[in-house]
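Chains here go by letter, A, B and C, matching the order in which they are written, and residues are numbered from 1 within each.
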Amino acid sequence: MSVCLLYVTAASRDEALALGRALVEARLAACANVLDGMTSIYRWQGELREDAEAVLILKTRSELAEAATARLCELHSYECPCVVRLPIEGGNPDFLAWIAAETGPVNQG
Amino acid sequence: MSVCLLYVTAASRDEALALGRALVEARLAACANVLDGMTSIYRWQGELREDAEAVLILKTRSELAEAATARLCELHSYECPCVVRLPIEGGNPDFLAWIAAETGPVNQG
Amino acid sequence: MSVCLLYVTAASRDEALALGRALVEARLAACANVLDGMTSIYRWQGELREDAEAVLILKTRSELAEAATARLCELHSYECPCVVRLPIEGGNPDFLAWIAAETGPVNQG
């Protein structure tokens, strides 16, 4: 059983919480961690921009990562949201088993 | 020399700091980073729950990851703490060497 | 096209922002995320120390990671800054393509 972490940015703490709740509710993720007070720096139309954002970290099974990413992109207020997937190569075995138990089957909608 | 990052959640900033100090003190990690003000979302007995938590990030040698995880689980206030291990595939070579120098031998106790 | 995440610590939010701006400006990273209010724990001359720091997360192409790391080490106020590289194994395909589009050629200076 392979698990992974999704690192997502959102326009606000409220959006990050709403996305996290939706994904855990749908069993597309076992849990969500929201960190507020992030500042994002990027280039927009040739100029550097800085925005206040929040970070959302999701833990799920690797085989659900694609469906979770698609759902995040549907729900997100951004046209091209930052969703990147980081491999988890180990950890507390009971916690890894809990991730598997809390997430649904593939194609569960 | 392979190094990794442990992503851990704790019930409070104080618990995250205590875990971080214990692991660095025991040379099971070279350093610890604590981020406070995290909100955790998960399912508990069929209901969504949200808790205030803190994040603890540890950097250590991969061969110590199992011992570090076991120690975190012993010290942690949760029955099934979130400890997940992320691979580090590069970085500042001097910092990677410092992680190796600051961590102890395997089976050091 | 392979992308990665650089996890960096800095002495302050201001330093993390300055490093993030410099790397995005130079197209050595597509974007930067700064999280303030981190506490770092490490051993210094045999004693545990704790410092207030900030976290800087950069997203870039893997083939630029070495140049980005070298630039971070040049600009950083620390002699041996924490720069570790985490693999990204997937995510929002449009966002991954955006990282590629926003970063420069290798050896671009």
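Rule of thumb we're sticking to: contacts are C-beta pairs under 8 Å (C-beta built on N, C-alpha and C of every residue); 3 or more make two chains touch, one makes a residue touch a chain.
Please read these numbers as outputs of a predicted model, since none were measured by experiment.
Chain contact topology: the protein chains form a complete graph, every chain touching every other one.
As for how the two copies chain A and chain B face one another, under half of their interface residue numbers coincide.
The mean-CA centres of chain A and chain B are about 20 angstrom from one another, to the nearest whole unit. Multi-chain contact residues, meaning those touching two or more other chains, occur in chain B at positions 35, 37, 86-87. The part of chain A that touches chain C in the complex is made up of residues 4, 6-7, 9, 35, 37-43, 48, 50, 53, 55, 65-66, 69, 72-73, 80-87. Remark: chain A residues 3, 5, 13, 17, 20-21, 24-25, 30-37, 57, 59, 86-92, 94-96, 98, 102 touch chain B in the complex.
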